[in-house]
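Following this message is one structure expressed as structure tokens.
Letters A, B, C and D name the chains as they come in the text, with residue numbers starting at 1 for each one.
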Amino acid sequence: MTPLQGCLLVSALLFAIGFAGAVTRRHAILALVGIELMLNAANLNFIAFWRYGAHPEALTGVMFVIFSIAIAAAEAAVGLALIIAIYRHKKTSNLDEVKELKG
Amino acid sequence: MSLPFIIIAFVTLFAAAAAMSLRNLVHCALAFVVAFAGLAALYLQLDAQFVGFAQILVYVGAIAILIVFAILLTRSGDTPNEAVLAPGWIYGIAVSAVVFTMLGWAVLNSSALPKQTPPAPATTVKNIGDLLMTKYVLPLEIIGLLLTAAMIGAVIIALKEPSKTDYSGRKT
Amino acid sequence: MIWIVKNLWLIPVLPLFAAGIIAVNKQPARKLAATLAIGSMALGFLLSLCAFAATLGHHGDGVFREVFSFPWIQFGGQWMDIGWVLDPLTAIMLMMVTFVGMLIFIFSVGYMAHDENFMRFFCFLALFAAGMLGVVIANNLFLFFVSWEIVGLTSYLLIGFWYHKPSAAAAAKKAFITTRIGDLGLLLGMVWLYAETGTLNFYDGGKGCLESGALATMLTHATIGGMAVSTMIGLLIFLGAVGKSGQVPLHVWLPDAMEGPTPVSALIHAATMVAAGVFLVARVYPLMSVGGIIGAHGVPVTTSLTVITWVGAITAIFAASIAVAQNDIKRILAYSTVSQLGYMMMGLGVGGVAVGMFHLITHAFFKALLFLGSGSVIHGCHEEQDVRKMGGLKKYMPVTFAVYAVGMLALAGFPLFFSGFWSKDEILHSAHNWPVSHIPFLLGCTGALFTAFYMTRQVALVFFGSYRGHEEKSAHGHSAHAHSHSSESSHDPHESPAVMTVPLIILAGFAILLGFVGTPAWPWFDGYLTGEEFKFDFSKLTEPGTLGLMLASAAIVFTGLGLGWFLYGKRQRKTVAEKDVLEAAQPFIYKLLENKYFIDEIYEATVIRFNAFAAWLCDFADQWIFGGAVLLVKYITVGLAWLYRLTDEYFVNLGFDTGCEALREGGGGLSKLHTGRVQTYLRVIGVALVALIIFLIWGRKA
Amino acid sequence: MSDKIQQVFETFKHLSLVEKIDQLFVMLKQLVLACVPEALQPLVSGLLSVVLVLSVFPGVFAIITVIERKGLGRIQNRYGPNRVGIPFTNIRLCGFGQFIPDGIKSLTKEDIVPYAADKVVHFLAPIVMLIPVLLAYAVLPFGRNMTVADFDAGLLFFFAVGGAVEVSVFMAGWSSRNKYSLLGAMRAIAQMVSYEIPLILSAVTVVMIVGSLKLTDIVAHQSDYTFGIAHWYVFTPWGFVGFILFFIASLAESNRCPFDLPEAESEIIAGYFTEYSGFKFALFFLGEYLGMFAIIGLGVTLFLGGWTSPVSFLTWIPSYVWFLAKMIAIVFVFIWIRGTLPRLRMDQLMNFAWKFMLPLALINIVVAGIWHFMCHDWQRWLVCGAIIFGAYLVLGRGLMRNQKLSKRIYRYAE
């Protein structure tokens, strides 16, 4: 197993853990945390491919991760604000109680 | 596959698993901090110093704090007595397991991955800065705009609505 | 320019302000209202004195005349000016209106003391005074017309002051509508005048419509029947005067206007407002007289003036004859007023401005005196107006009797000592010298006879004999006695308070004295108005023509007085129901006169009937012709709408509805996939991810 | 082995005496490293540095506590500790031995953990506090060639580990299950997050001018002299403003008076470490002071020329002495401020951060850009000074606008 494959496996497992958490936990904040984990798994992939890829001097992966981190920050801020707003409105932050969009 | 890498990877994955499975939300958040710190260490292992420090600065210094604030503001700091898993969680676990299986299988059997390990690239912060200011200047600006918009949006969403108390004192 | 000319506007504006302040005040401020109204009139009188003083001392060097104009509104490219003029005519009228008005206001304080709408009354009175003074000072037919209409409006309001009485409301309406007919003529004349001359200013330094340039233009233009434009305009304007001054045939409103409070009758329908018509004619006299042949005594003769003379003469005899057979004290005076206004018109026609105006001024005083006196009588007799129910009041109301007698003698034209004699004599004198016809003179003499007769009749019935008012009251007053405990003496007539009698005494003084400013021996009034030189010349009195006429008219007056006294004074009627002496002698004529020659009935049968028919015709047209057209359009529209609905429902909507229904059902089916739970969606995404990976791997292999 | 030692001596032989004193510790480290095998050298090098840091700064901490108590005593017109000298002798040292019994006391006190507390988190909190603080020292250049780990992104590293302190504060406050603790933690976090922004923004100006995040580069850029005066950034308009902003923000970051709301005794007892006692309390105390030293050290590095001497004729004094002297001088100012200024209210604190410091820091960045690109003569002093002065006036008026100087209004807690 090459270091790259190791990284990719770690990333895949992180993604799976994040996904499982986001899908199974009732609490909205934890779903958000799971999504952050999935995002970071992707970031790890980018770094790994940059490190072991063909043109590290182009810094493409690093750039992508930097932007991705910035976007994650924005996403977290807005997502948490939404959760707080929903909590204030419905007095709950359980995801299965927030289903107004049911068809 | 050095020893530090394996140790750090295990710590990270363990913390991530803990973050997703602990009952108390604050513990989850703290485990989440550990997981991100571990990820930052992984980045350092991969010679991405700047990204690693940025990861710590953003995730540990900002997002983790945001999350604990959100936890306290939604009054979910105590260990809940009812179920913490959503109904139908078993399907979620199954789907994620299948996802991991597929990804792992693909990683292990892929022929497209480069086989040899190149030496550590000599990147400095200066290179990153130069690129950000030249090739990636437009995305940088857009990110700046996005962050501003997100900040304003978050403030507005979370802003306390003016209480609609009329003069008779009834809450509407 | 003298300051009084610049500030002449203050005179009408003062009462206007008083009216405004009274109107916005709370109701019970009686003292304030009276003080404001009377004070404004007093101030106006002082200013009028100043104005009068400014006009004095110009004998021999033409008529004193100063105007003040400024642009008011713009229409098209032209500016309409308004302004005011100060000349002897204005000054004398101002003095008369403010002075008589002031006295009547003071009288009203006593007369209306118990009325709950005291404030409103004074508001209207002040407004009326403002309008009248505006009429007087106007140097512009436009301003004149506006003020004229204010006067008409207040007249309406005051006649209908006791609007809860149906007769008062009807009288108010009648007055308003009748005078509107005349005003229509005035308005037409005004518009025509503007079209011809391009200005409505009376005097404007040579550019005014009453000055030689404009008059010459109008004289040269001919219109229907070869008449000059100036004649037509003059006649139209005179129509306004006919309406306002109650000349035949528009006199019908004036006697009915007696439904208003007595001070109103005195102020409006005797002293001032009705004189406005005469004043109008006097004001536009240059227009009337332009192009006339100058007769023997320097009086021009024109078509318009001839018409005025005839209308005046007919009105004088006509109204005087009606007055003979009336029983209402105010109505007698009202017909007397109409008759005297006829004299004034005749005077204007035959003798010029000075003759007509002199009678106007003297008449204003003694008629105001008579009306206020009658008000005092009515007040004293507990709102009784029927002369048959009075009698013997000499004993109860000595002051009123004295002043009333002065007024009566002045009106009748008692020789030498009373103003009426001199002014009426001058009119008769001019009529006698009129070159066109002698009939107006004869009519005037007959009218004078009637006047003396009916005034004597009235005074005899009211003041002599014994009081007849108790009869009726005791007839149905038993029940009232039981609980009112009012003593017998409270039913007796009583003298009025000083606030009412003092103005009467002042007026009586003027009724006597005013005559001496216009005697043939000392024609100051004539000289003042025309600006001609005159001098005191006692010998003129004894000139053959003058002396003869004076003697003749004195004879006529004495005949009338004697006849009246013989028929009514010597043998007093005993009861209220007793037949009148004349009725007993000539029932047919008496009936005719009592019913005012059936003029109202004739109007009822002709004008009003025609009007009702026209209204019915319009209603019919509206209902069937225009209404039918509207109905037709409606049915067409409804039919079209029905057609559209049909198309819409069964053609357009059918396909659309079916499509929508299908979409809705499909959407409903699909919406079941939406559980509303985010995590379900996430799960589906996970499955999709797996599928994507499998696809990618297989795709790679393939 | 010996030839390696010889080699080290060769390296330093040509240095003058002054330079030898200056490089004393570097020389010693090289000597020790020369004695160990090649494979262990990185580990030993790191250990040596850590040992030095761990011995010097806690020592400074110990002395500073005494100085602070005595200084506050002087300011408040009393004596302060003046009894304890060297133990078992009669030497008093004006009470400077006070830290020894204090340390013994806090280390031997009973460690009480509340029954309801979250035990694990409660235990971990002081450790999580101390570790990042100590990590932060890794990038500070204490003297010429004296940096533990000279990272390329050193400044970023410093701020990144600084962020971890907030987590520890939250852990301490939340795990105690005490409302005062939680309130204190929340106040502390809000304050730290707020003041971190002007702190970083004021540091950014230096990065812009230098063009590097490496702290040694930053010091090197300030080590020239003109007319005998050093090129410290505090002597430029933007640097002056940046230093003031950095100074105020570091006061707030280290929870010092007048920004000591998180630990306001009169309001919330001792803030987030109310429920700590004994050794853990000592760790928090140590962590706080070490954090303060670290951030002061960063300020010295960024604006006050790090280990360089202010005037050229004093360059003979060793670099580490200069660094420590500057640091301690600023600590004295901190103590002075603590003894002088009253505590702020929470809303005043936030208003000050967001409405005054943040805009001023942003304007300062612009000014630094102008400074960098304008021609090098007196004009840029005028332009930059004018902009900053104008901004200061406008912002100051804006901050004071709603402050009505009138009769006091009492507010009540809801």
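Just so we're on the same page, contacts are C-beta pairs under 8 Å (C-beta built on N, C-alpha and C of every residue); 3 or more make two chains touch, one makes a residue touch a chain.
All values reported here derive from a predicted model rather than from experimental measurement.
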item: Distance-maximising chain from chain C - centres being C-alpha averages; value: D
item: For chain A paired with chain C, centre-to-centre distance based on mean C-alpha positions, whole Å; value: 97
item: Euclidean distance of C-alpha centroids - chain C vs chain D, Å; value: 102
item: For chain A paired with chain D, centre-to-centre distance based on mean C-alpha positions, whole Å; value: 34
item: Residue list for chain A, restricted to those that touch at least two other chains; value: 19, 23-24, 95-96
item: Overlap residues in chain C, where contacts from two or more other chains coincide; value: 677, 679, 682-683, 686
item: In chain D, residues with contacts to at least two other chains; value: none
item: Chains that touch, pairwise; value: A-B, A-C, B-C, B-D
item: Contacting residues of chain B [partner chain A, same complex]; value: 1-2, 5-6, 9, 12-13, 16-17, 19-21, 25, 28-29, 32, 35-36, 39, 42-43, 46-48, 50-51, 54-55, 58-59, 62-63, 66-67, 69-71, 73-76, 83-87, 89, 91-93, 95-97, 99-100, 103-104, 107-108, 113-115, 117-118, 120-121, 123, 127-128, 131-132, 136, 139, 143, 146-147, 149-151, 153-155, 157-158, 160-161
item: Parts of chain B lying in touch with chain C, wherever the complex brings them together; value: 86, 88, 91-92, 95-96, 98-99, 102-103, 106, 112
item: List of chain A residues in touch with chain B within their complex; value: 1-10, 12-21, 23-27, 29-30, 32-34, 36-37, 40, 43-44, 47-48, 50-54, 56-57, 59, 62-63, 65-67, 69-78, 80-85, 87-88, 93, 95-96
item: Chain C residues touching chain B - in the complex, by the definition given at the top; value: 677, 679-680, 682-683, 686-687, 689-690, 693-694, 697, 700
item: Chain D residues touching chain B - in the complex, by the definition given at the top; value: 118, 121, 151-153, 156-157, 159-164, 166-167, 170-171, 174, 182, 186, 189, 193, 196, 211-214
